[in-house]
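Okay, so chain A shows up in both of these, paired with chain B first and chain C after.
== the complex of A and B ==
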C-alpha cells in the first residue's frame, strides 16, 4: 500500500513564503497570457487537484478508492440538473448543493462499503463508479442519457460597476478555480495537521493498535470518505461548468484511475502539494500529448510516468518529495528532530 | 464490588477451548499477574477483556457495566487499555507523534474546535502534551522523545507501547508479556516502571513468564493451565504449590 512518508511536517518543507509566491505568480498569469490553451490547462489541473486531495485523504486512512470520478459525476449532474430545472440564477445554490449531495451519497456509500476494507473496498468503488455511469446513461428523464446536458456558465456577477462575466473569457473561470483550490487546500491542509489527521494516519499505519487506543476505525474511515465526497462533488460541478457539458462518458473509470495516478506521481505524503504537483504535471503532459498525431499516446506515457516514479521514488513519496529534499538541502533544515505539525506552534509561543 | 469481573468466560476456536469457565475478579489498585505455560490462554484472556475477541460464553463486567460484546475502541474509552506483545508501533512515527496519536481519549474538545484552533482547544492541547511528556519522563524514555519509534531499541519500543497505552488514560492497564526478549537489567527497568504506574492508582493486569518480574511487582497471581484457572493467590505461595510447579515443569519424577 502506497501511503508515503506518513509524518511530514508540511511547514518545514513548504514554507509560507513559497506558498505565497506560488499563489501570487498564479494570480498574475492572466495579465501576461489569455491564451486558451494555457488557461484551460491550468483551470483543469486545479480542478483535478481538488479531486486528488480527496483521494489522498482517503488514502490517509489506508483505503484505496478507485471510484473518485463517480463523485465528480454526481456533483456535475446535481449542479447541471438543478440549474437546468431551477434556472441559471440559482447557479451558485446548485453549486453548493452539488457538494452537499455528493457528500451525503459518499456518507451513505461509505457506511456500507468501508466495512470491507483493503482490496475489496477498491473493487467495490470501481463497481460504484460503473453504477453511477450506468444510472446516468439510463435514467434519461433526469440525466438526458447519452446525449448529456449542456451546462451554461454561471450568470454574470456585478460588483458595483465591475462585471465578472463568465461567458466572455476564461479569466473569471481561472480566478474562481484558484478560489476553489485555495479553499479546498486550506480545509484539507488543516484537517491533515490537526489531531484528526493523526487519527486518520493511525488507522492506516496500525489499525489494530489504533482501535485498542480508542479509535473507532469505521467512523474515521467514513469521515474521510465523506469529506472527500463533498470536495470532489464541488470539483465535478465546477469542471462540467468549465467544459460546459456533462454526459456519462466524462467521468468514467479512466478518470478515477487518472486521479489515482496523479496522487502517486505527485506524492501522497503532502496532501495539498502532492495533489497540485501531480495533477498539474500529468494533466499538462496529457494535454500536450493528446495534440500529437499519435492517437491515445497519453495513456502509454501516463503508465510509463507512473512506473518511473514508482521505480525511482519507491516509497510512494512522489515528485513532491524531490521538492522536500531540495528545500532541506538548500536551507539545511534538520530532518529528524523536527517537532511535528501543530506541536511546533506551541514550542514557539 | 470488584473493578473488573469475569464470569464463566469461555472462548472456543473451533472445538478447542482456549479458555474455559474462567472466573476472575480484579480489585482496584492491585497488580494482578497472570502466569501459565505457553498456550494456556493468557493472551486469549486479555484479548477477550479488550474486546478483540468476543467470548463464546460468559460475561465481563467493568465497574458494574457489561463490556463483553463491545468493540475494542469502546472498551478503551471506558478505561481498559492493553499493550501488545509485538504490535507496538505506528509505522513512520516518532515517539512524540505516537504519543500524540494515542492521546485522543484525553481530549474533551470537539473536532471543530481543533479545526479552528480555538483558545479552549489550545489550552487543552497544551495540557495533554504536558501529560504526554510527563508520561515519557515517568517511564524514563524522555530522552528519546523526538526519535523515530522504529529506531528505538527493543526495550524502549516496548516501553513506548506502555507509554502509548498510558496516553489513552486507562484505569486498568493490561500488559502482555512486557519483558519478552529482555535481559535482566531491562526487565528490572520494566518492573520499576510498572510500580510507578501502579502508584498512580492504575490497576495493572500483567501477563508474564519471568518469575523475577512477577515476584517483584505482582500483588496477586492467577495461574492458568490449558485454559483453566488452577490457582489464585499470593505470588510467593503460588510458586510453591505442587500443581503450579507441575503445570510449569511437568510431574515430579524423583
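== the complex of A and C ==
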C-alpha cells in the first residue's frame, strides 16, 4: 500500500460555510494591506499550492513523482520563450500554451515511465528534473543558459474604464493567483469527488484488485500524471511571471522535494486543503528562515520538520488531519471511512 | 575510439556508481525501501575522510575505515529511529520515502552549516601518476579501482560464506520464514543499513582526492546510481553492478563525444531500456 492512511471525507472536515468565509477573507486582504511581504508570501504560497495539488493527485494513483518542479520549469520556460519571441501581447496565449505543452510532455513521459511504476517511476522523475535543468542550462539559444530570461508582467487589461495593470502593484497578481488557485482547486475537488477520483484511489489502494475489476491501471495513472502536468505548468508559468525571471536554478531538485514536503506537512489525504495548508505553512516558514543570517538553515529545518511530522503526527497524515480531528471533536460526530483491510505492503506482491 | 584516459575515467565512475548502487540494492532487498539519502552518506563519508586526513592526520586508508564506521553508525541510527518507525503497519511507502528524501536536504544543509559551502580539495593525498607508456593513470584513480575490487570481493565473501550473509540472503528471500528459523530480522535490517551506508561513505572518501569535497557532491552519484538500479532491475545485486558499469563507461564516453549533454543521452537510454523491459535488465518479470 502506498498511502497508508484514512481518506478523509471532505464534507465532514470543513463545511462549505467555512471555506466560503476563508475565500471571502482572502479576497479582501488587499483592502487592508498592500504590503509587499504579505502579498508576495500569499501569492507564492498559492502558486505552490497549485503545484502541490498536482503532486497529491499523482499520489492518489499510488505514484510518487519527484520531478514536479521540472513541469513548473517547462511551463515557465514555454511562457517566457513564447512571450519573448511573439511579443508581450501574446502573454495569455503563451500562458495557455505553457500548460498544454507541459501536459503533453507529462503525457509522453508518463506513457513510458508509468509502465515501470513504483520506485522506478520516482527515480525516473527525479532524473527527469535534473535533465530539464541540464537542458535549460546548456540550450543557450533557446533558454539563454544560466543567465536566464527576464519575464515581463502581462500587459494591462482594460475593462471599460477600469484598467488592470500588473506592473504597478501586486494586487492584480494577488487576484489572479486567487483565480488560479480557485480554478484548479475546483477542478481537483471535482475530480476527487466524481467516479474517476474513486478509480484513482482504487488504483493506489489495491492495484491487483482494481485490475481484476477491469480498471486499466496505466490509463488512470497517465491521466492523473497529465492533469497534474497541465496545472503544474500553469503554476510554473505564473510563478516566473511573478518573480519576473526564469533560470535553471529556480526549479531544481530542492523545489521538487519542497513540493513533496508541502504535501506531507499539509496532509496528502485532502487534495485541496492539504495542499493549501502545507504550502502556506511551509512557504511562510521558509520565507522567515531565509532572512536569518545562517546559510542553509532552511534545508535543515524543512528536513527536520518533515521527519518530525511523519514521526509524530498520527500515521503521517499531516496538519489537515489534526484540523479535521479538532473540527469533528468540537462540532460533530466522527464521519470517516477507512479503506477496509490491510492491503499488501507492496504492490508487486 | 576514445583514448584510454576516457575509458579509465569511465571505469572510475563505474566503480563509484557500482558501489553505491550495490549498497542501495542491498538495503532495498531487506527493508523493501530505497534509501534516498544514500548520496548524502557518500558526501558525509568524504567529509569525514577529509577531516580525518587534514585535521587529525590519520593515514588515508585508515581514515576510509573510520568514515565507514562513523557513517555506518549514522545510517544505523537513521534505520533505528526513522525508517523502522515509519515502516510499521498502517504506514505506506509514502512515509518512509518522504522521510528519507527530507533527510537528503537535512544532511546537505547540516553539512553546509558545519563545514561551509566552499569546495575543499584534498588532491595532495595520494599524489603521483603511474606512467604506462601509451597512457598514464593517477594513483588516486588506481586506488578507486582497487578499493572497488576489494569491496566487491569482501561483499561476495560476506554474503556467501558467512553466517550473517546467509541470514541476509534468507531475509531477502522470505523475511517471515527467516525469522521462524531464528534470524532476527530487525538486526539484519540494522546491519544491512550499516553496511550500505558504510559502502557509500567509503566510496565518497575514496573519491575525495579525485574530485573536491562539498556538501552537494552526493547528488550526481545518487541520481546515477539510482538510474543504474533502474537499468539493472530493482532488487537485483547483479543488475546494480552491471548497471553501474554501463552507466559509468557510457557517461564518460558520451561526454567525450558530445561534451555536455551526456546526461540527457543517458536518460534517453534509460527510458529506452524501460520501454523494452519495464522491469530492468536483470529484474524479475513483473508479477
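Going forward, the second predicted complex is superposed on the first by the 327 of 349 C-alpha atoms of A that agree within 3 Å, B and C clash if a C-alpha of one lies under 4 Å from a C-alpha of the other, contacts with A are read in each partner's own complex, and residues count from 1 in each chain.
Here is the rule we go by: contacts are C-beta pairs under 8 Å (C-beta built on N, C-alpha and C of every residue); 3 or more make two chains touch, one makes a residue touch a chain.
Nothing here was measured: the structure is a model prediction, and the numbers come from that model.
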| item | value |
| --- | --- |
| Touched partner set for A:237, first chain B, second chain C, both or neither | neither |
| Which superposed partner A:191 touches (first chain B, second chain C, both, neither) | first |
| Which superposed partner A:210 touches (first chain B, second chain C, both, neither) | first |
| Contacts of A:81 with chain B and chain C, given as first, second, both or neither | neither |
| Which of chain B and chain C A:202 touches, first, second, both or neither | first |
| First, second, both or neither for A:271, with chain B first and chain C second | neither |
| More chain A residues in contact [chain B versus chain C] | C |
| Chain C-contacting residues of chain A that also contact chain B | 5, 342, 346 |
| Interface residues, chain C side, partner chain A - complex | 28, 32, 34, 82, 85-86, 89-95, 97-99, 101-110, 112-113, 117, 215, 219, 223, 226-227, 229-230, 234, 260-261, 263-264, 267, 270-271, 274-275, 278-280, 286-287 |
| Interface residues, chain A side, partner chain C - complex | 1-5, 59, 64, 66, 112-113, 115-120, 122-124, 126-128, 130-131, 134-135, 138, 253-254, 257, 260-261, 264, 268, 294-300, 302-307, 310-311, 315-316, 342, 345-346, 348-349 |
| Residues of chain B that touch chain A when the two form their complex | 50, 52, 71-74, 76-77, 81-82, 84, 87-94, 96-97, 100-102, 104-105, 107, 111, 114-115, 117, 122, 125-126, 129, 146-148, 164-165, 167-168 |
| Chain A residues within the chain B interface of the complex | 5-7, 190-191, 194-196, 198-199, 201-202, 205-206, 208-217, 336-340, 342-343, 346 |
